[in-house]
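A, B, C and D are the chain letters, set down in written order, and residue numbers restart from 1 in every chain.
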Amino acid sequence: MIKKILVANRGEIAIRVMRTCREMGIESAAVFSEADRSSMHVRFADEAYFIGEAPSNESYLVIDKIIAVAKRCKADAIHPGYGFLSENADFADRCEKEGIIFIGPSSFAINTMGDKITARKNMLKAGVPVVPGTSEPIKDIKEAVGLIMDIGLPVMVKASAGGGGKGMRLIKEENEIIAGVSAAKSEAKAAFGNDAVYIEKYINSPHHIEFQVLADKHGNCIHLFERECSVQRRHQKVVEETPSPIMTPEVRAEMGKYAVAAAKAVNYASAGTIEFIVDDDLNYYFLEMNTRLQVEHPITERVVGVDLVKEQINIANGKKLSLKQDELTQNGHAIEVRIYAEDPDNNFMPSPGLVKHITEPLGLGVRHDGYIYEGYNIPMYYDPLVSKLIVWAPTRNEAISRMKRALFAYKIVGIKTTIPFLSRIMDVPSFRKGKYNTHIIQDNQKYLEPKNTATQKIKDVVSITAFVDYINKIEAAKTNGKANAVASKWKMCGRTRNMNRL
Amino acid sequence: MIKKILVANRGEIAIRVMRTCREMGIESAAVFSEADRSSMHVRFADEAYFIGEAPSNESYLVIDKIIAVAKRCKADAIHPGYGFLSENADFADRCEKEGIIFIGPSSFAINTMGDKITARKNMLKAGVPVVPGTSEPIKDIKEAVGLIMDIGLPVMVKASAGGGGKGMRLIKEENEIIAGVSAAKSEAKAAFGNDAVYIEKYINSPHHIEFQVLADKHGNCIHLFERECSVQRRHQKVVEETPSPIMTPEVRAEMGKYAVAAAKAVNYASAGTIEFIVDDDLNYYFLEMNTRLQVEHPITERVVGVDLVKEQINIANGKKLSLKQDELTQNGHAIEVRIYAEDPDNNFMPSPGLVKHITEPLGLGVRHDGYIYEGYNIPMYYDPLVSKLIVWAPTRNEAISRMKRALFAYKIVGIKTTIPFLSRIMDVPSFRKGKYNTHIIQDNQKYLEPKNTATQKIKDVVSITAFVDYINKIEAAKTNGKANAVASKWKMCGRTRNMNRL
Amino acid sequence: MSFEISLDGKVESIEILNQNGNTIEVLVGGRKYNLDILEVEEGIYSILLEGKSYNVELTPVDNKKYTVHTLYNSFDAEIIDAESRYMNSRKGDIDEEQSFISTPMPGKVVKILVKEGQEVKAGETLVTVSAMKMESEYKVSSDKKVKDILVKEGENIDGNQPLITLE
Amino acid sequence: MSFEISLDGKVESIEILNQNGNTIEVLVGGRKYNLDILEVEEGIYSILLEGKSYNVELTPVDNKKYTVHTLYNSFDAEIIDAESRYMNSRKGDIDEEQSFISTPMPGKVVKILVKEGQEVKAGETLVTVSAMKMESEYKVSSDKKVKDILVKEGENIDGNQPLITLE
């Protein structure tokens, strides 16, 4: 049985994993780079070890260093979180070789699902619907014309080793084919060192819907229903919800079965996610499998009532799944928003830096998974995700109202965040109606741009506040010589009066 | 329909009510005393009005002032929270007279349930089991001897107007009767201005189990199952959970029916709670009805999946209950702990004062309802409750582990709190087993006292930390002349290094 | 001393007429307000005005400039005192001109695409900077000549730090 | 300068031998430690020692005294420097004696039960104070005479403020 887990990650996901460790009575060991000595995961863990310079390719991505720490602290197992080494088959292999349990699937599953063309072939073999297209890399650019015309325009050319939108080209017209395929190949070569590309039919107004699966080492596999992830900005998910507002019970049951079949096709044994692309008529096609915990896993946890990290650990321990497919239900509605340290009013420019104040949203139906604290300096080296806000309510409309209330109460001072942008998404009419696809953000710019709705009175309140703060500082500086040392006069005044009242 | 609610309360419950207002699109108005200008409920509300000096009998308890604010700000309704005016029948009447909706039951229900003897009589009439005893005030002390010997010793003598343990006497022996009844009467006279006492059979090793009810103005009434509230210190609840670990489905169904009958007997129309006293054999007796929202209402919200404040507001709006008894179920297990600003290592001495830092527990299955913030000065005038931590998990054991994890992560620096005491309760063997009654705290002192389990290494780490802080301050003072102005050298050092790494 | 305040570019006079504890009487652009204002946390003010409760967050940019957030809006505020007016009158149009390249956030210099003394055209990228796994290009807004290059490739930089000066 | 530290009453010598950034070498009661110590928030330190991560919270009582909290325990720590030693040597046993009545928390004086000059017996209640809806009685620990009464009934008091002096 696992007694100590090294968490090979940082930020909110490292802490999220450690929380479950603590509940299970398992010790947790953190690793940290030069930029992360003061990061919360170091404070939250039972143990913490330094692993190198700030850039992740000198720390969090260095397999040798992670393994060395695991051996030094005698960790039985490694949880990779998401990102970093979580979908690195070499790392999974190395763990096995060193006798450390990798909390995730086998390297075979990672490899098979990691290569898009291999994954497509396996899914076809397992009877899982895939987007119409080619199952072999395109060798000859000229041959591509015939293939594409057979599939029917528009098509998407995709890099086999791809991800994150790189090495992708949309082709709408016959005369664009040769240039498009060539461009995709050379981009794929540059990005992934591999120019293999394949062709898929382009789905208009696509929905991105994924299914959570859990599989144990004894051949049992279940799904925990879907997550709707179509609210995306530049191929990055921004808002996720479950159940999907476009899903029907029949299609859910079918897709769930295919998700289980997809996982079984690669002898999967851990938590994983099958992503589907779905059109307006609810035709669905396998897109890819993420062989790790997803960022958005908490909405499933809330609606199905499971702790997915606990399940991962139990599976890694060789236990049989205790959950039964026919006993699982979706209870109510959950929505997650991702809060990034980015300036939504300035082209989502990253905004690392010092967090001066945080007011966290509390109360009924709100879950908050974060890692920053007052006085923390968010480093510039890593992902800008600072926290995830998850709400639950009996109905979708109530969940949206609750999310708006939680975003209203959530204040982070010092850095820019996407909180106002997320709040505006909650008011986009197509989101409210639950009728949206992956184009929702690009199609609703008019709702998503900051609008200054302030009345003259609010503007005057703003002017007065800034002026009072300025005057306070001046007067403080005059009497004290050090502007920084003195709390503002107003503050002192308020505090003193409070004290006097006592 | 209600458009604006005046919340006639402060602290966590004021904010909890305002959260639901915000989700329902209802405006909220706060009232605040001289001690509460900087309190979070003033900041959270849409509007806020000053109502007088800090002592609550000059502010939060003054009916005229509350009504004046409601009229001034044109509030349609008043939510009283718990405590203060929440069970004041005169206030409910006054609201009605002024044309303001009181979000709570009628003054008739408050009055009937507020007087213990009247309540007993009504419950007997409605067929609800009550503790064997007298239904009329004891007039003649001599007559008491015969009555008590008929009921059978031991008995409890209670003040009819009582509450909070005042005017209560336990009588175990026949020769204690006259002295005991006399003492109870004079204590009742002193405390409540009314020397009416009655006699109840004393239940050995009692459990305190209460049922949540909801009743609308159209005669519909349902119950939302039980809460186990036996973990009490000096008659104050400390930990609550649902479901009760001693409950069976059969007894739950019976008690639920009686709870509904009790509410119907007084034409109840709002959220209310029927408290029962239960013995080890699951014999149960009506104890009293709380005609308001309970502090511990969130555990019911979590397990049943309802927003009780929303239900209260809908009922006040004259809507019919949308929940149906046979559609309600208890899903999983929830536990609440109450965090007080008290020093558990020093006889629970109150600990008001400045909150320097808070780290709030986050993550899966944790709800947190609080109101303090960093820099807030907790006033000495009001209840010491600073927040409530509510956890949910599929099973009771998992919920206990989760509560321990949440308490581990919850840090409040500056004031003393009961967090360590609550953490120790989670480890009391009888609590773990779910086999406890209202004596749990007095019977388990050996588990609940602070124990210094620190190793020499931990003691040395503590000594070193204090010393480093001291040296930092000295050096800072030397170079700067102002100890307060400088962050500690170590801190600066850490920060600067972080900056350099960027 | 007489002050003005610029809110999102609109300049108006501002004056505190009276103060009594948290309560102040203020004149903004000729409009008079009586309000209760309290700094509840550093940079966070609670304001009560005619019963309404406002929360205003200030992020100082420098000692006279703030970014201000209310529930729904953000504003740029700048206090204009005698010194600012004097400086503004001296500068004339000069401060409209871009005199250096900087980034709004801390980051790491990835690539410098120009040399000192080089003539650059409006819209040309001079430097790319990475932060949080994202690279951004920084361009010059009008035809200029590169004066000094103050940073090196691979160097970590602060927000608003001059990277390349222009003339 | 040589220092001692008193932890829950046990006094030991303490000395920082080396410091390099966050990393220090310390000798406590003859035991040597190398640790990484960082003040992450005001009064909250993160310590790494032999791989273990410790969180230590300090609440200063005065400039040499702290209440210290770790995950499971609380401690009283006091730094003893030359000045403290001198003061302690002069005071002798005197500071064992109760020279005044005070409360650990802020509150309001409800009732003063004695007069100036009155003789009081050990265990006698001198004053009751209320805070957070709870009244507490403050008693004298040995036979004394009331010297000065420094507060009035109804008055608000701070924590640790002398209320009644004794002789």
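Simple rule for what comes next: a contact is a pair of C-beta atoms (placed from the backbone, for glycine too) under 8 Å apart; a residue touches a chain by one contact, two chains touch by 3 or more.
All values derive from a computational prediction rather than experimental measurement.
Set against the Cα centre of chain B, the chain with the most distant centre is C. Between A-D and A-C, more C-beta contact pairs are found at A-C. Remark: chain A and chain B have CA centroids separated by 38 Å (rounded to whole angstrom).
Per-chain CA centroids place chain C at a distance of 46 Å from chain D.
Mean C-alpha position of chain A lies 32 Å from that of chain C. For chain C, the set of residues touching two or more other chains reads 22, 38, 40-42, 55, 106-108, 156. Multi-chain contact residues, meaning those touching two or more other chains, occur in chain A at positions 37-38, 44, 352, 357, 373-374, 380, 408, 494, 497, 499, 501-502.
Viewed as a network of touching protein chains, the structure does not reduce to a path, ring, star or complete graph. Every pair of chains meeting the touch criterion is listed here: A-B, A-C, A-D, B-C, B-D. By the touch criterion given at the top, residues 15-16, 19-20, 22-25, 34-35, 37-38, 44, 54, 298, 301, 305-307, 331-332, 352, 357, 359-360, 362-370, 373-374, 377, 379-380, 393-394, 398, 401-402, 404-405, 408-409, 482, 484-485, 494-495, 497-499, 501-502 of chain B touch chain A in their complex. Across the complex, chain D is touched by residues 341-343, 345-346, 349-353, 356-357, 380-384, 408, 411, 413-414, 420, 450, 452-454, 456-473, 483, 487-488, 490-491, 493-494, 497 of chain B. Note for the complex: chain B touches chain C at residues 29-30, 37-38, 42-49, 72-73, 373-376, 499-502. Touching chain B in their complex are the following residues of chain C: 22, 36, 38, 40-42, 46, 48, 51-53, 55, 106-108, 156, 158. Chain C makes touch with chain A in their complex at residues 3, 5, 7-8, 12, 14, 16, 21-22, 24, 26, 28-29, 31, 33, 35, 37-45, 47, 49, 54-60, 63-64, 66, 68, 70-75, 77, 79, 104-108, 130-134, 136, 156, 159.
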